[in-house]
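Each structure below is given as structure tokens.
Heads up, the next two complexes both have chain A, just with different partners, chain B and then chain C.
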Partner chain A sequence: MTGRSVAIAIVASLAAYAAPLAAADLTVGAGGAYRTITSAVAAARDGDRIIINAGTWREATIVITAPNVTVEGRGWPVLDGQGARGVLIVAADDVTVRGLVVTNTGVSTLDDRAGIRVRDARRCLIEHNRVRDNLFGIYLQRSADCVVRDNDISAHGLSQTTSGNGIHLWYSPGARVENNHISGQRDGIYFEFSTGGVTTGNVSEHSQRYGLHFMFSDSCHYERNVFRENTSGVAVMYSHGVVISHNRFEHSWGAAAYGLLLKEILGGEIRGNTFTGNSTGLFIEGSSHLAIADNDFLQNGWAAKVLASAEDDHFTGNRFAGNAFDVSTNSRTANSTFDGNWWDAYRGYDLNRDGVGDVPFHPVRLFALIVEEHPASLVLLRSPMVGILDAAERVFPVLTPDALVDHHPLMRPPR
Partner chain B sequence: MNIVMLVFQAGLRDLTRNRWIAAYMLGFLLIAEGLFWFGGTGPQVALSLLNVVLLVVPLVALIFGTIHVYASREFVELLLAQPVPRRQLFIGQFLGLALPLSGAFAVGAGIPFAWHAGAGTGGGALLALFTAGVALSVCFAAVATWIALSTDDRLKGVGLALGVWLATTVVYDGLVLGASAAFSEYSLERPLLALMAGNPVDLARVLVLTQLDVSALMGYTGALFERTFGTGIGTTVAVATLLAWCAAPLALAARRFQRRDF
Partner chain C sequence: MRRTVPPVRTLLVAVLLAASLAVACRAAGPEPLRLNEDPCDFCRMTISDARFGGEAVTRAGRVYKFDSIECLAGWSRTVKDGAVAAMYVIDTQHPGVFVRADSAGFIKDGFMQSPMGKALVAFPSRKAALEQQTMLGGRVMTWAEVMADTTAPAPTVTK
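Up next is the complex of A and B:
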């Protein structure tokens, strides 16, 4: 190396170190200084911006190790995993990834390949990407306070066993998952050991398994999401202090499908959601101290199945209309309360015109109870005999749980 | 064949002059249109209509059928005094009863669905619903004819018809429910399948339910039903059984008519 070139190299590196704020743009592709993303990423320093121009890039797994780097696609460059590997790994704090098409990781049973993986990195921002046909879409592991928003994630033609999750969070507290669209993955959105997250405005549909699936993730908020036509609906388990509000749970239809399945949830709110056309709208097992308020249960098979193991859950201000069964339970005692809901099956009257029916309403039909004890008797669904039986029980309640009663049924729908 | 047409036309004229059948048709029209009117989607209307069909169609076919056969007794006796083959006379008379009944149902319930272009109801479900309604009309018209030909006491005849209605729509299902509770330790899916085929009203109900997606509510039994009745072969078998339920009472009535000393 000549003395002159050494001098240039020294000046260049001095400039790089002396002015970290004067972030450089590293352009990959047409008109840029870099021919591969890998070389640009290797050259990137703290605060740099890597701009990837349109084209298809087939490279070994790209690992971003410099902090505070922005990776930005122009004209939707395609990063192709060629069915053989994960595509992009973020392993530094404060990294932004946007405007990329990330595709084709292929299926592996040995490693959880992901389109975009964030590993042990804080405050990442993954936005406006198109994530197509990957095993896992966006995978956050041990990465706190990240934001994943406005991504479009889809997978096709996969089965439950050969598919991963759309947005997967593992030990990643404080995440914000916003306005993403996910379809065809195993679980649309998956939280495990990830506390304090906020999930809003997402659409998760046609999942092989659950639209949303979370476990051991306390104090999370789920608001204004749409979960639609997922094979098994939405399942949330083993968490405290969960708030699920103003979401739509729609058309999860099948023998083992639930609009929203709650298992071992302690304390929380289920408020203002709409459950439409699910075989079971809301299924509650072993969950206690829940406020279930102002929800709409429309055209479900069972609007709410509340097992005896669910204690001190309070249903109030909900609207039940067009369901085959409003409430079903497996016990003749009631450990949850219903008060001030609107039931389309209510036939009472309101003499003092205060908007509250004067006759209590028993939401558990006799037939629902019979079915719970003898499932085979479901063949009599919609039989005229069953109608007579229910009418008789309504007049002289003998068998249905006495305690499971709405003492203040509303005369008019609350909404 | 002339005689069949003649008696059929006479019966038809008799029935159309009768306001009952018009009211029956209008009733179905109003119920179906009313269900649409109150914001029902096609499948919901079909489901609500199913309950009406299961209760009303057998009742009307039985009561109306018995009364009609008793009322046309003198006309039949008059014709029998002529050189007329009994078989043709019977066929004409039965068609004159069964066709207006099933026609009134099909037209009354059909117009609203046609008007709303099905309103999102699957073709299979609509076909099942109308097949069920028509088959129940024919089946219970045949039962009514048989009853009216078997007893001369009109009051007894109508009472019997009512009894058949109660037995098929309510009592039978009560027994099924009792059995499914009593033998709940056993695997009951297959016996229940057979029991459902043993009553035309249940068979019609299950046939329609498997075509609507509520069958998913029926759990494992529903899955078995769907697999049995929902497939092409299963549906064919179910419809064939339903036809057998029409043919059996009709054969009994025809035999009674052949041998009867008027």
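Up next is the complex of A and C:
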């Protein structure tokens, strides 16, 4: 082998190794080699890091197509959609986006514009961004196993007629949505056809509609989130096997507002949550095989409305205090059970001192049934006549559902 | 001699009166959907997107509101034949504008999502839907086909 061919061989092998080894930093803005984000993104290869320095960047929609790229802001650079377009699209696997201010997509009736859209990409990490006044904030579309955490998302300047969701998942299984703060969007967090997700530690408030909304999303967990002052509360529908635990559902007030609305949920746990100050704390329709345990229902209009279409749901260890109505239903035939809850309205006694009341408690007031049939009668809530009616019904129950009886009411609150 | 009112005229007046009463009793047509306020009368979700939705007006004049075409179709399966006077859907290109469901054209499984997951949007006519199909993709349907297709709120196929 000649010296020349050896040199060629060495150079060739170096070239082959150089590309994956030298993951480069591509710096945009002050002191960097790139004047636009677009040019840096175009130059980025697998594993590169794009560092965006402070400044306001107004460019065509930025599309990341190289895998394993990190986009990182330094000093909160602002990416501005100028009211005309989506700002950033991730279209490759294993991409990280952090430290950006993403703003001003403007509204459109044709496309669901998003501040950050992840499209057909796996294992993305979207963290520590400030997402401001976009139609949709962060939109995951057919993107599996992504993490969205510690983002601050708000939209307060947008119109009522056209608004999008804060964190929106569509056909995106296995997502983790953690410790985000979302405010002023249509729905704060929205899951559609997205299974096996975990949503924890988020605060979702002042939504135009729901703080959390999911449909057709089986086997998801929602834990330790706070949903408050959302116009219609929280609605979860058409899903199997959901776990909703240790969340707070607070201050959703209005004719069609619910702390938590469950519709067509098959199998799951509603455990350790607090429902405070809602028109209706928990509304259950067409949902079955649910364990509703260890929740606190405080100062709601109706603590729980359980429609006859809800089957085989079990309430136990819950605390009911300060509600205008504890339980209401729409029929004499009830298919759910209450056992071992604490009711502030319970007037029974405990002669054998086992902590369980010796007489059963009927949580459905007669008046609640009347209101269900004739909503206008609610004005009589404080009337003495209604008090007499309820007392008479308690002694000789003729109209309230037989099955909706707690045979083991607790004498002391469980918490 | 006192002049008597001719029977024909009496009859005419009576018919006119009855007709005007009938017209007055009948609902004029669809009512605006109040966004983030009105609940859907089928799925209970609060209606929030002006590009989608529908209404049914019953012969008794009651208006039912829906957040999506799929909910209107689902609801209409639950009511008696002849109870509904007219059904309307939102023209997706003109948020808030209603067109009659039976003369509208629909696109399913195209580029646009809809509130209940069936990707179902409406246009004023079948012709208008065909024109949009080039951009939106999906398949063009009539109201009868939408009704035949809507058996359950949940989609049967997972993408």
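We adopt the following convention: the second predicted complex is superposed on the first by the 392 of 415 C-alpha atoms of A that agree within 3 Å, B and C clash if a C-alpha of one lies under 4 Å from a C-alpha of the other, contacts with A are read in each partner's own complex, and residues count from 1 in each chain.
Here is the rule we go by: contacts are C-beta pairs under 8 Å (C-beta built on N, C-alpha and C of every residue); 3 or more make two chains touch, one makes a residue touch a chain.
Since the structure is predicted, the reported quantities are computational estimates derived from the model, not experimental observations.
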{"item": "Side-by-side fit of chain B and chain C on chain A, or clash", "value": "fit"}
{"item": "Which of chain B and chain C A:S331 touches, first, second, both or neither", "value": "neither"}
{"item": "First (chain B), second (chain C), both or neither touched by A:P384", "value": "first"}
{"item": "Contacts of A:P375 with chain B and chain C, given as first, second, both or neither", "value": "first"}
{"item": "Which superposed partner A:T27 touches (first chain B, second chain C, both, neither)", "value": "neither"}
{"item": "Partner chain in contact with A:F193 - chain B first, chain C second, else both or neither", "value": "second"}
{"item": "Vertex chain A; arms to chain B and chain C (CA centroids, nearest 10 degrees)", "value": "80"}
{"item": "Chain B versus chain C as contact partner of A:Y238, first or second or both or neither", "value": "second"}
{"item": "Distance in angstrom between the closest Cα atoms of chain C and chain B, superposition on A", "value": "12"}
{"item": "Touching both chain C and chain B, counted on chain A across the two superposed complexes", "value": "255"}
{"item": "Interface residues, chain C side, partner chain A - complex", "value": "35-39, 43-46, 48-51, 92-93, 95-96, 112-113, 116-117, 153-155, 158-159"}
{"item": "In the complex with chain B, residue positions of chain A that touch it", "value": "253-255, 279, 299, 301-302, 322, 324, 370, 373-389"}
{"item": "Chain C-facing residues of chain A, complex", "value": "109-110, 112, 142, 160-163, 170-171, 186-187, 192-193, 208-210, 213, 215-216, 231-232, 235, 237-238, 255-256, 261, 263-264, 285"}
{"item": "List of chain B residues in touch with chain A within their complex", "value": "44, 47, 50-51, 54-55, 169-174, 176-177, 180-181, 184, 188-189, 192, 196, 202, 205-206, 209, 213-214, 216-223, 225"}
